[in-house]
Each structure stands twice: as C-alpha cells, then as structure tokens.
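Below: one structure in structure tokens.
A, B, C and D are the chain letters, set down in written order, and residue numbers restart from 1 in every chain.
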Amino acid sequence: METLSIDNVKDFLTKMNEVAASNKDYLIELDSKMGDGDLGLTMAAVFAALDDFASSYEDEDIGGLLMKGGMAMAKAAPSTMGTLMATGFMRGGKAVKGSTGLGVSEIAAFWKAFVEGIMDRGKSKPGEKTIIDALYPAAESFEASAAAGEALPVASAKAKTAAEHGRDSTVGIVAQHGRAAYYQEKSKEIQDPGATMGAILVGTFVDFITEL
Amino acid sequence: MKKFLNKPEKFVDEMIEGIMAAHSDKLKYVNDDLRCVCTATGREGKVGIATGGGSGHLPLFLGYVGDGMLDGCSVGGVFQSPSAEQMFEVTKEIDRGAGVLYIYGNYGGDIMNFDMAAEMADMEDIKVLQVVAGEDVASSKKGEEHKRRGVAGIFFVYKIAGACADDLKSLEEVKRVADKVCANVRTMGVALSPCIVPEVGKPSFQIEDGEMEIGMGIHGEPGIEKGPLKPADEVVETMLNAILVDLPYERGAEVAVLMNGLGATPKEELYVMYRKVAEILKAKGISVFHVYAGEFATSMEMAGASISLLKLDDELKKYLSRPAYTPFFEQVQL
Amino acid sequence: MKKFLNKPEKFVDEMIEGIMAAHSDKLKYVNDDLRCVCTATGREGKVGIATGGGSGHLPLFLGYVGDGMLDGCSVGGVFQSPSAEQMFEVTKEIDRGAGVLYIYGNYGGDIMNFDMAAEMADMEDIKVLQVVAGEDVASSKKGEEHKRRGVAGIFFVYKIAGACADDLKSLEEVKRVADKVCANVRTMGVALSPCIVPEVGKPSFQIEDGEMEIGMGIHGEPGIEKGPLKPADEVVETMLNAILVDLPYERGAEVAVLMNGLGATPKEELYVMYRKVAEILKAKGISVFHVYAGEFATSMEMAGASISLLKLDDELKKYLSRPAYTPFFEQVQL
Amino acid sequence: METLSIDNVKDFLTKMNEVAASNKDYLIELDSKMGDGDLGLTMAAVFAALDDFASSYEDEDIGGLLMKGGMAMAKAAPSTMGTLMATGFMRGGKAVKGSTGLGVSEIAAFWKAFVEGIMDRGKSKPGEKTIIDALYPAAESFEASAAAGEALPVASAKAKTAAEHGRDSTVGIVAQHGRAAYYQEKSKEIQDPGATMGAILVGTFVDFITEL
C-alpha cells in the first residue's frame, strides 16, 4: 500500500483517539513530575475531538479534513500541548490541501509542516526538551525517504525509530519551555512528556500504516 | 490559605459572576462563555482591542475593558492562559470591520494562544495585529528586551492604545502607538510575601521572614536580588536606578509614573516609596507629568510593589490624558 | 513587620510627603503643617467640609479631599486622632463665609478634638456644624446606634454631602443631607488577619490560623463572631442579614452597595463575595442602583472586607450620582 | 489670705508647670500599664505652655488668663488628657471672666465649670474611672464650703482630701473610656492615670494656697 485514502486517514484518527485515551494516566503521571499533570487529559480531549470531527467530515480533501480537524482540536483544550497539536494538524493539513490520497512525499510534507507549525507557534527548536525533539527527526526522516524514493513501509519504520530516539534524547537536557523550565537543573533527568506524546503520535501513525 | 471563596475550583467563575452582577451595565459575556467578556456596547468602525491572560491579577486583565480602553478580554484560570478558542470568540465579537489589536503580556502560553487565535481569525478574514508587552527590566538583561515579562506597565499600553482607537485611528496606527508605549515604558518590582493559587492551596514560592526579593515576577518568577528587607528609600533607589539606566531616561525627559501595589501592600507604603521616587527624579532633572498610585496589576494577596516609568512625547501625553471609564479604572481628562 | 518604610516614627509624615509630591496640583498644606491638608483651590460661598482621623486607613481620610467631596482634612498618627488645634487650622482655612461642616467617625478621641475645634472656631465666629458617622452594626446593638463605630460607610456621607455642598446649599442643608445618609447606611465587616502599627512593630491583636472574626473593627476592636473561616457565601449571608434586619432594608428598597477591602484582601475575593450579595438582594426584592468595590476604608495590610448598604431616595441618588474627583477617588456622572 | 490675685494665679501656674515636669516619669509609667504612656509627656507639655502663656499675659482679667491659657494648652498637645485639661481651663476661665481676684466662691465656680467642661467634652461622668473622679468631688467640696462660707484654707484642705479619695476610688472599677477600656476587667486594679493627674492638679493648687 503506497498511498493513504481519506478513509485510511479517518481510521488512523480513530485509532489515535483510542491510543490517546489508553495513555491518559501514563501521560498524567509523567506531566505531574514537573508540570500541572493535565497532559493526559488534554491529549485524550483533543484526539477525541479530532476523531469526532473526522467522522462527520463529508468532503474528500484530506488536507481540509486535517486542517479543520486542527481547528476542532483547538476548541477542545487550552493547555500548551493542546494548542500545539492543533497547530500541527492545521499546518500539516494546509500543506496537503487538495490531496485525496497521501503518498510518501505528501506524508513527508505533512509532518514537515506539522513540526514547523509547532516550532513557529512555540518559538522553539530541536534540543530544547519539547515535543519537537520527537517530531523533528521523524519529519526529517520522512523527507529523506521521499527524496530517496523509498517505499512507505520502509520510510515509516525509519521515522518511528527517529521519533523514539528523539524522545529518549530529552533525558539529560534542561527544559527551556513550559512549567518544567522553572525547575531548571532538576528537570534534566526527566523524559519530556510532550516528546513522549510526539513519539506516541508518530508511532501510532506508523503502526497503523504497517498494519494496512 | 485564608481567602473568601467557596470551592477553589469555582474561584475564577464566581469572581467573574460577581463582576458581571456588579457591572452588567458595562460588560457582557461573549456567547454566554463566562471566560469571554466584552463591552456592553461596541462602536462601528472602531478598531477593537482585545487582551487576555490568567486570573489573579485584577484589575488586569478584565478590569480595563471599558470606554476609552479595551473592547474585550478572555479570562484564564489563576495564572493560566485562556484558550485560543476563547480569544478567537472575543475577536469575532469585537471586530467592527476595522480589525482587532491584541495587547497582552509576554508569557509563553498567552503568546501561543494569541498567535493561534490570530491564525483562526485570519481564516475568517478578520484582520488582527498583535502587541506583546514586556517591560520588566529585572526579567532579562538589556539587549534581550524581547524576553522580558509584561507586568504593570501594560496599563499604559492599554490606556494609550485605547484612546487612540477611540479616535477611530486605523489598526496600523493604533499598533504603532501601542508599540511606541512598549518601547518607552520600563518596570521593576519587589515582593515581600508570596500568594496562594486557590486550587493549589499553599504558596508556590517562598520569601523568608524579614526578606524581600527585588525583581520577582507577578507569578513568583525569580528576581535579581534576594536579601533582608531594606529601608524603603534604599529599595526605591535600587529599583528606580535600574529602570532609569535601562531606557535610558535622561535629564529633561518627561514621564508618567505608576506606583503599583501587588495586593497586600497598602497605599500608605506606596506613597512612602513615591516620596523617594519624586526626590530622585527631581535630582535627575526628569519631570513628572502624572502619577498613578494604587493597584493596577496584582498577584492576589502578595505583598510588594512595582514602579513603572513611561517616557512621554506629545502624542503619548495626548492619549494618556484622555478620559477613560471602566468598572475598575476611571480617569477624567488630565 | 514587613513594610516599605524608613523610620517607623516618620511613616505618617513621609506618606503625606509622598501624597503631596504626587498630587500637589490638587492638594496643599494649611500653613505648612504636614498634618493639615486641603484642596488647592477653594470656592467662595461654598460650605466647607472638613474631616479628620488617624492614619492607616487610606483612602480615609485625606483621600477624599477633592472636587465634589471634601475641602480639608487633619491627619493624625496611625490610629490616633489629630489635634483639635490642627482641626481648627483646617477649619479657618476652608471657611468661605458659608460655615464649615465636620464629618468624622464615631471615636472618642476624634469627637473630643472636633468638639474642641468647634469651640475654638466659635470663639472666632466661624459657624461649625458636626456630623458623626457610626454605622457598624456589629459595634453596638439596635437602640444604641449612637455608640456605633464609623467605618467604610462614611464614604457615602462624604460623597453625598460633598455633592450637596457643591450645589452651594446652606450649612444646615448640607448637614441635613449628611445626617440622612448616616441614618440610611449600615456596614458589617469581617477580618482574617491583623495589621501592624509601624511604631509598635507587632500586631496589636491576633486572629488564629484558619480563623475569621466577623464584626471586628478597623482598629481590631472585638467583633461578634469568632470562629473557623467559613465559605464566602456563608460569611456574606451572616454579614448581609445582620445589615438587612437592622435598618431594616425592605422589599422594593433601592440601595447602593459598597464592597470594601481592608487592605490585603484582593478584588477577586470582593467580587466572589458580591456575587452572593447580589443573589441575596435579588431574592429579597431589593434593587441595586450602583456597586462600589475596592479599597475605600482600610487598615493597612489587614486581610478582611466590609459590606455597606445605603438605602436611597431620589435626593440621595441625585447627589450620589454626581461626578467627583480626588487623588484617590474618581467618579463620572452615574 | 482670702482672695488670689492675678499674680498669685500666675505663680500657681509656674509651680504647676514644675510639678507636672517632676511627675513626668511617674505619669508615663502609670499610663504605660494600660495606655500609650504619653500622659507624662502631654502634661509636662501643656502646663509648660500654660505657664509660658501666663508670663506674657498683660491684662488683669484672671478669667481671660485662664481661658486663653486653655487655648494655648490645646495647641500644645493632642492626646486626650491634653485636650481635657485645656477644656477645663477654658471653661473654668470663662466662668470667672472679668474677675481680678478669686475668693472661695469664684474658686468654686472655676472648678465647677472646669470639671463640667471635661464631662461635657469627654461625654463622661463620675464613677467611670477618669480624671472626673478626682475633680468632681473637689469641685463639690469647694462649692459646699462656699455655701457654708468657710475660709479658703479650710475649704482647700477639704477639697484636697476629696480629690485624693476620688483618685483612690478609681482602683476597683473597670475603665469605660480611652485605651484602658479595651482591657475591660484587667483595668480594674489599676489606679486611673487621669484621676491621678487630677489629684496632683488640685493638690498642687491647695498646697500653693496654704503656703501663701
């Protein structure tokens, strides 16, 4: 399978909704260490809103689905990650506006715009102990695969590994954004909750593709 | 925690309900969302000015919505940003075809959400420009002004931009004037005691007995000088000198001064401090156009104060002097 | 004691110097006595209104000297009466031939000294009448109203008598209106924490952790109910009901409400309280003409609040609605 | 010696100034128990002002001297007792306005008006643990002596005793005025500082007369 149809995308969003829900407590616990502990709740809320929106989406423009879906997510939860996720889908969707099927290059474009949207919104860049650290390498990897003309399954596997490495790399660096930043040195040993969520997102996407 | 409240989690909503019960003649909700408030009567063709931010800082932010100042405000939980969605709802409500200017403080969450709201507004063809106020000289060194926190000085931005919009000036013009205020205002604060976020129930930071912290932020962000409480005159000297060299404010300059109480500090002490401020400014040949003293940007029951200086030119003076009338701030023509 | 001050014994003088430095365009000293302050510009043929009392209660008393309110004020040490001599000096300064009305709170020292000042004025043929405000329902039971302490409600007496004098009414007429306000205003307070008189250096009374004292006076005079801090709604019910039965305020009455913070209590909490006040008044069929919320009569950094209700008729409404403009209080025509 | 000349009165005021000064610390200590400890200072200040005024007084109307002297005292000290003492002299002086010599009946009239002025100003009456408790009996005694046509020395001796008894009677009653009233029951066992000052005033006056 080389391209995702709009139904594939909707199915992925449904699966992502389930995954976010099942990771709720884990994320709450993680965010409680140096945040306000709401991450699990926000993620469950935004992905429920996204899935909900998708199921009622009539049009066949995948870009429009993801973009407007992002708007729906924004309404669902105010906290940082809610806004950032929403931004990612809005920008990612914009990037593939008009496409009725997503191949490797569209997928690469989607993730690229997704992570850049977050960097832009969060005034952040890789290496600052945020979700970026998981998403940026994944987007880069998809881009490289697209350039090298690799098949979707291959590209996906690489992207997942990249995201996991990125997530792990947040251990050992001091937080520079959000509440965790207040803890300075103390924040060093903790794995960034946002990056963890980023890896879950990419991972779920990739698993979905490979299971197709 | 000794506060007049019912359930901590209802604190913000009940506060807003109280404000609305008292001032429904001036304020209204935007589609029944308690956290979205705007003036009861908008004005066609006028640039709308929206602000927003966390609760616990009254009169900030909601308190400056009114005649001659702001048109709308989204209200977050205590020390938390409102959602982009709420900002967007306020934006739609107050847009009168002339566009909307966002004026808010330089805090990550607020920036993120206002940017997001602006993007949403853009998708619905509402013209939005933004002004981010950050004038706390203690929060970042010179050269890194863009990292500075927005504190009490934002009052001047609201007051002047509000008067400018009231003159039916264009969105670009109102933004230009607001930016000019940001460029010419500086603030420095000092804290004597912490405050308690109702839902947390205990102070989220400490100031030891007999100690003060100069430069501490209104959410307890670390300051620049921690130590034993000094005589008021010395405290004022430290604060004011840091402000004066930063812009800098030079001999011959004319300024407006804002003596702001953080909450528990009584007006008596603000005036004891102002006495020294006036003395120093006089010695430096800086003249004072007007003095505001009271609670303009607070942290609930936190004890402490901040001093803000705005360097004036004829344009800023003209707009600062205009009357304004909100449930929390009234000024006759100066 | 954590306060912004220099020497405790200089606290009051330096505070006044600060106020004068900030507002010299509106206020001036009476023959260079820091403790005797009056408006910068008097008005011929207008009845002069003088007040006076101890320091530590800003905006009381000095803060209400200005357009549409008071003409002069004598300022005592923290919680101490000014001298008869100072009151007399202010009297001479503000008399414009139409006589002078004294309006002050019901406290022994103040009464004694104002009586004395009136006697001195009489010896110099200055016509003086007096109005003593006492509306704290917690300070004496019904039937002994003359023993009640004067607290925040005196703001209404100042505002309305000031507007009446501004209309160039006669001394007797201004007194009549002021007495009418006194007869129709009631207040009840609650305290959460004590305050510190600078020269004493430690609290002169205590309120235990987690405790409140309903009815406590602004100098720490004992209240009527001491106990664990209750939810805001319950506290308001206790206070407001005591007020309502006292006058009594009945169904169909129209009132002005004053939600007063004692110092450390933030506006957020005042509005959480007002929410309940509005609910109760609505249920009782009492309509609210206007709400004032903020710090009108304080005890420095004391945490607490008071609720005042003024029953209005057309005359009181007319004068309450008039604009007023002092360095501490501004109101546009309501 | 049956009548006091204006010079006698001035000499008395000078003596009273000395006595107030020499009792300063004693009164401070007494007032510190349940007051703010300023009584010694105020009394020294007001009687210095009175003596000072008297020495520059040209006219021979004793009433005018005492009345205007009271005004001078009022300017000298704000505290309760300062105002009350000033009031006493103002009212007492008014009562003997025009007299160039004081006999028993004038002296009785003076003290009567003196104490009534204080009662009026202080909204107080005998038995409330104030200066009244010392002055009222003394005034009564002078009045009785005047009615009985007793000679000044006799009348004086009686008045002094009356004042001292009155002062002592303040021990055992609860204060109802001034700062001491805040202490309620606790104020009972303390001798009232104001009454003490009242007895000093009358005592000094009487001693002065008998030494003439």
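Rule of thumb we're sticking to: a contact is a pair of C-beta atoms (placed from the backbone, for glycine too) under 8 Å apart; a residue touches a chain by one contact, two chains touch by 3 or more.
Remember, predicted model here, so these are calculated numbers, not experimental data.
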- Note on the structure: Considered without subunit B, the complex falls into A | C, D
- Task: Could you work out which chain's C-alpha centre is the most distant one from the centre of subunit C?
- Result: A
- Message: Measuring centre to centre with CA averages, how many angstrom lie between subunit B and subunit C?
- Response: 29
- Query: When the centre of a chain is set as the mean of its C-alpha atoms, what distance in Å lies between subunit C and subunit D?
  - Reply: 35
- Chain centres from averaged Cα atoms put subunit A and subunit C apart, in whole Å, by 60
- At least two other chains touched by the same residue of subunit C: list those residues. none
- Junction residues of subunit A - those touching two or more other chains: none
- Which of line, ring, star, complete and other names the graph you get from chains that touch? line
- Query: Which chains touch, pair by pair?
  - Reply: A-B, B-C, C-D
- subunit B residues touching subunit C - in the complex, by the definition given at the top: 2-6, 11, 14-19, 21-23, 55-56, 58-59, 63, 192-193, 210, 212, 229, 231-233, 235, 257, 259, 263-275, 278-279, 291, 293-295, 298, 300-301, 303, 305, 323, 325, 328, 330-332
- Can you check the complex and tell me which residues of subunit A touch subunit B? 71, 74-75, 77-78, 80, 82-84, 86-87, 90, 121-123, 177-178, 182
- Counting only contacts in the complex, subunit B reaches subunit A at residues 76, 80-86, 108-109, 111-113, 115-116, 119-120, 123, 221
